[in-house]
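Below: a set of structures, written as structure tokens.
Note that chain A is present in both complexes that follow, paired respectively with chain B and with chain C.
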Partner chain A sequence: MKLLIFLALLGAPQDDKKVKVVTTLQALCHVAQKVGGDRVVATALVHPRRDPHRATADPQMQKEAGRADLFIELGRSLEVWAKDVVQNSGNTRIQTGAGRLFAGKGCSVEEVPQVLSKEWGDIHPEGNPHVWLDPLNIKTIAKNVAEALSSVDPEGKGTYEANLKSFDREIDEAMFGKDLVESEGGDLLWRKERLGKLDAYLKDEGLEAKLGGWTMKSRAMRGTKVVSYHKTFVYLARRFGFEIASELEEKPGIAPPAKHLEHVLELIQREKVRVILNEVYYPTGAADYVAGSTGAKVVVAPVDVGGIDGVDSYIGTIDYILDQMAAAMK
Partner chain B sequence: MLWLSLCASVFMQQDDVEKLKKRVQELESEVEKIQEERLKEKDQQKEQPSRLNILNPAITAFLNGAGRIDDRTVTVGEGAEITEIDDIFYLRGGELDFRAAADPYVDAVLIVAIEQEANRKFAVDLEEGFAVVKKLPFLDEMPLGMRLKMGRYRPALGLSNTLHMHDLPWTTRPQPVVEYLGAEAGSFFEAGASMDGGEFQFRLPSFESTSLDLNLGVVRSGDIVFTSGNKNEQPAFRGRLAFFAKMSEEADLTVGLSGYHERGRLDGGTAIADVLFRWRPTGEFRSLMLGGEFFYVDREFAESGVANHTTPFGYYLFAQYQFNWHLYAGLRYDHVESIKDEKEDTRVYAGTLSYYFSEYVRFRLGYERRESDVAAEDGLDSVFLEFNVVIGSHPPEPFWVIR
Partner chain C sequence: MNLHFPDLLFWPLMAALVLTGIHVYLGIHVIGRKVIFVDLALAQIAALGAAFGVLMGYEIEHSPAGLFLYSLAFTVLAALIFSITKLKSDEIPHEAIIGITYAVAVATTMIVLARSPLGPNEFDRMMKGELLYVTRDKVLLTAGIYAAVGIFHGVFRKQFFALSFGNRDSLRRPRLWDFFFYASFGFVVTSSVAIAGVFLVFCLLVIPAVGALLFAERTLPRLAIGWFGGALICLLGLKVAWEQNLPPSPLIVFLFASVLMVAALVKYFLRASSKVGALIRTVSFALVFLGFGAGVWVFRHRGEEPFEQALHFAHSEDETRKLTALNTFEAYPERKEKWLPHALTLLADRAGMVRIRALELLVQVQEVSVLPQMVRLLRDPEDHVRERCLDLLHGLGNPDLSKHFIAAGDREEAVDLRVRMYEEALELGDPVAVDRLLALLENPEIPRRRKEKAYKGLAPHVEFPFGPEEVPRFRAWWEANRARVRWGLAADGQNKFSVER
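Right, the complex of A and B next:
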């Protein structure tokens, strides 16, 4: 046994030989570490309680990026400041090609604007960028990360593929429950879920009792309406079947005006909205005001991994949001 | 017999039914796979770039205008060029900013300014036009993260010289920048040094959570106000060493030292120390910025054929507090000794209130009082109303601009 441990330690790359990954978001860092395992040291630039739209490229970020073998950003115009970080990093490895990954590519995307005008607020030309809050998209992101890691570290390809498979399995089990994934396999369940046929399939096959995970947990939320501060939870709502009835912001990226809050207040009363999702990095003043007059409950929700103390994994983040929403809806 | 054949037929039918069921399931599965592929294709179609300016530079336009009310006549210029600028509105500047990667290793920026001058005429000027080389063809990695910047640009002489008027946290330039780095028409119009030349930028080794950046450059001489008598005979040298420390997730500190030296018919140089503290709590729309710049100039010049030498000193201190998403308040104090005569002092007390409609539109109300040994400026009270509009996608501001 001791010999095995010794050999394992011998085989594991030393810190200075590990692939250095620098990411913008903590969620990307988490995925890079999960997929990269012992071969990778990953660091995130943005604190999880800071709005990733509004981070600024400070010299410390540039220095961090200067040491990276792989720089990962989500893309979709979320982190416009990241370009500045990369350009001023002095690191030729991450300027182009293999060393820089836009991890959001290939994700299923919503709200791609038909008209690109600032009239609509701070819009993103490539669609709503908060794609990682859909568990199906985090699987795509992990796949992109595994490919990028294999590209900068071809020797580790086998490890990255194996770790990706484990991560996929973890997400599948978190989504549908361990029993159901074991009997049906994740791919089939995701396909049914994507096509809106999961419920019928489970009923036809007599598998309803095996359903667990987030899908089971979120059943009570289906069709309910919630309000959020910013257009952050669009993907979460799509996946778990609740509806974002309105945002506290009238236009994305602009603080909520008082008159709009009055409209939201009326809407909450009319539609019997019970939950206001307030991103952890936005002040809760507007949400508290609206909640105070309507009886809706404010859920301070993490957007990134680590946004709430002690919630330091992707699965934990989604768990936390769904649990808090469920508690608020009781 | 009949019974047996009937049973066999039923069993065969059941077998067929099972087979058919299995086949239907397989077909359903195939159809679902195709449907899923179509969904993926739809997602990919959504990803197709739709911007018309694809492969063209990112373009941003800026508009900055300001009106002023003064308690007396205010003039700029000398002799026949003298112009009154009190109680009047100026569209101070329109700026077109083009930037793109020229190739995988070179980024290029072109900024054209259309500025209204004190005489109310507009002039077009190349505010900046430079390329940044991030990699040399014969090197895989650049030592110390070296980069080379070449062209015309606002060099890092202190903290605020790199900022364009629309990015400033004040309506007017601080008086030391105007006095020592140059201005065509005082602090109300665009001021500071823009130079032709090149510089190497390096990142030096430093402790964790800190950064140490050095840039060293050679620029054309005679392009800064205190050596404007020189006729570009020799190159001038400049540099900046900047130390950045992340004190916590919410606070950081920058300390910089800049220098400029030029030898020519008349020698001249400046040393600038700058400091900046930022505090930005998470989860709140509040922030605090405290900073200042200290200038020392060593200048030889000739006046009416008589050689002269001055060593003026000047500084400014500022604070800006963000109350909420929209509203910022700022204070600034300038103290400057004239580059012609150190005994001639000017002090400026300034206050601002900035209101951001959005990230792209800002209004700012400002008040300024001047006390000066120059009689025409002494006791001057001015009120400013400024507006600033960003059209298009704003390129990232220098990190210390809290916006």
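Right, the complex of A and C next:
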């Protein structure tokens, strides 16, 4: 026993020297650990099978935040409870400035309110917050995290930049396939992709055979229509070219009303929808109900990293969703 | 509203009717015993049982039977507690113990669910129920359970009515019968809460019974009023929920309350000795309510005028708000003078997507006076902004742009973009673009595919025909004729540099 305590004490100082990062989402924790490497120990506050909209501040969260050197949240009004955690943590380092990062800044946003009007109050003013499901945005998030880590731990700057580079490379290769990234470089491919010119570019340059990764995998689902429970997968849909024809919810955050489900049923039949994406943390009752009478398949999809047991990385999460969707469409 | 009743609502309606059947009956007992909140307490205990089941590893999707048994076991235990805590003296009312049990059950449910990732959603589900998604099998099973409870109560009606209405002491073992009552009650509540949610079950139990109490004294007429009224309200509630897209359980609760109020008013008039006095009192009450409602509306928050708000948004911290501001500017072309300076600020915003959106807006309204600010994005730090800027400016066809394309191309790191920038300048008839493209073709560091691109861009726009491998020949021609070339339409319909004759 004494030996154990001794060993624990021996181990402790090393951990103490590390930069302690506390994040809201597991995805942010995953990125922080990837970018931080050995210099950082990262913890996430929200269980990956819990709806981040609806988590509430609890004492454990405050304790974690109290020890943090850097607190990372996504922002965009996703984790409204995070403010309470930070303010009541008694930790001055993470209140403002370098110690607190809103990692979603600079991410490309969907569902930006179009034109302000008198009825504007109904709309989510900061756009759809589930930005991390777009691989392009996870790169932006990683960049933001690397910058924040460099400013709380300037000595590690070189490490963070190097780790960011290899994380970027991993994502690029997962997105476009190793061959294509080696030949063209990730930056150019992403530039073409985000401007909607990737297909034309590949064709023009005779590179189509080199395409791999998620882009290749998702080609079969281009233009297909799916239904989701909540507006969670708009970024995934945008990036991989499928269309979310409807949500089971009529209004975000409110359980699906019956009349609306009848519309969805009709739509599923009319548009031959094959897949209903049901976020892992929402009940599948409504999805099963509409699927049962139409033959569409319900895919229970993770939203955060770790939302499905054994799927513990960002790349694994996107892989999982795309594979499940492809299987359901067969 | 049409009278058609949607097919999808058939089983939800059946469920509501089955629920009404047993709850109105039990409600009359509950009111008689003055243990109004026993249902809430038992319902919550049932929920707690299910939550414990989840904690013990049963999953909602896969093992509903296991969870049901957990629920039931907890409810029976609570029935035992309620039957032994009914004290002889009235010093501590039974209702207090039931209330405490309710609060403790809610609190414990929260504690238990705090360890479950799906906790908050489960809690929500227990409150609201899933009346809409009820299946045929579930309704039939529930009806079966209720029928069994109904028969049990029918057989022992003497004992149960004695317990609830008066001569409890005539029974031989009142506590045992108390237990049977609460336990059978628990059976009902365990299954009904899962369907209709805690609050609808509570209302089904109490409101029809109270309504019936207003108009009848004997049990059978009371049951009839409760059943008939309850069924009607459930039908109406489901129909309205469907038409108006509202959650059915809470809506039915609301309708029950409204109908009860009307019923109470009717009763009040029937009983009042002076009908005029009653009317005056009713009207003055109504006025107070109306005044209250008017006050709520008068003090509503009035928003800013949209355009003014957009001007504020342009200077927000959040990128999305800035995008919204730009979107709004677009809808007010007549106020361009006012928003132009704000749009220019956003053209230099730190977020790339904001810069692009600002440029799109300025290009769309053809604001040539700010061209110098627009071309800055050709040298933007983000490559996708530069490419988008190139695409947008391409449409303008303004000859002043060529020197900017050249300058931006000279600094451009991405070779494909550099080629495109020179091509843009070339298409505007700038001979410097030929110099630059030629230099690219001669540069050994430029990859072959980019050279092909540059060649394809250059060759159609010069009079001298040369193949991709004949760059030196073209160089010689260009050196000899550069001072004499003129940009203009050639015989093949292309704009070209040709030697003046």
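Definition applied: the second predicted complex is superposed on the first by the 307 of 330 C-alpha atoms of A that agree within 3 Å, B and C clash if a C-alpha of one lies under 4 Å from a C-alpha of the other, contacts with A are read in each partner's own complex, and residues count from 1 in each chain.
Here is the rule we use: contacts are C-beta pairs under 8 Å (C-beta built on N, C-alpha and C of every residue); 3 or more make two chains touch, one makes a residue touch a chain.
The structure presented is a predicted model; accordingly, all values stated were derived computationally and were not measured.
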item: Chain C versus chain B on the shared chain A, clash or fit after superposition; value: clash
item: Which superposed partner A:Leu195 touches (first chain B, second chain C, both, neither); value: both
item: Touching partner for A:Lys63 - first (chain B), second (chain C), both, neither; value: first
item: Which of chain B and chain C A:Gly127 touches, first, second, both or neither; value: both
item: Contacts of A:Ala209 with chain B and chain C, given as first, second, both or neither; value: neither
item: Touching partner for A:Val112 - first (chain B), second (chain C), both, neither; value: both
item: Contacts of A:His260 with chain B and chain C, given as first, second, both or neither; value: second
item: Touched partner set for A:Glu250, first chain B, second chain C, both or neither; value: second
item: Chain B versus chain C as contact partner of A:His47, first or second or both or neither; value: both
item: Which superposed partner A:Tyr289 touches (first chain B, second chain C, both, neither); value: second
item: Stretch of chain C penetrating chain B in the combined three-chain arrangement, among 253-261, 397-405, 451-459 or 487-495; value: 451-459
item: Overlap of chain C and chain B interfaces on chain A (superposed complexes); value: 47, 49-50, 56, 58, 105-106, 108-109, 112, 116, 118, 121, 125-127, 191, 194-195, 254-255, 281-283
item: Complex contacts: residues of chain A adjacent to chain C; value: 47-51, 54-56, 58, 76, 105-106, 108-109, 112-118, 120-121, 125-127, 187-188, 190-191, 194-195, 205, 250, 254-262, 281-286, 288-289
item: Residue ranges of chain A in contact with chain B within the complex; value: 47, 49-50, 56-60, 62-63, 66, 80-81, 83-84, 87-93, 95-97, 105-109, 112, 116, 118, 121-122, 125-127, 191-192, 194-195, 197, 251, 253-255, 280-283
item: Residue ranges of chain B in contact with chain A within the complex; value: 32-33, 35-36, 39-40, 43-44, 46-47, 50-51, 104-105, 107, 132, 134-135, 139-142, 144-147, 201-203, 206, 209-211, 213, 242, 244, 246, 249, 252, 254, 282-285, 324-326, 357-360, 393, 396-397, 399-402
item: Residues of chain C that touch chain A when the two form their complex; value: 6, 8-9, 12, 60-61, 114, 117-121, 125, 128, 130, 132-133, 241-243, 245-248, 303, 306-307, 309-310, 313, 318-321, 323-325, 327-328, 330-331, 351-353, 383-384, 387-388, 391, 414, 416, 449
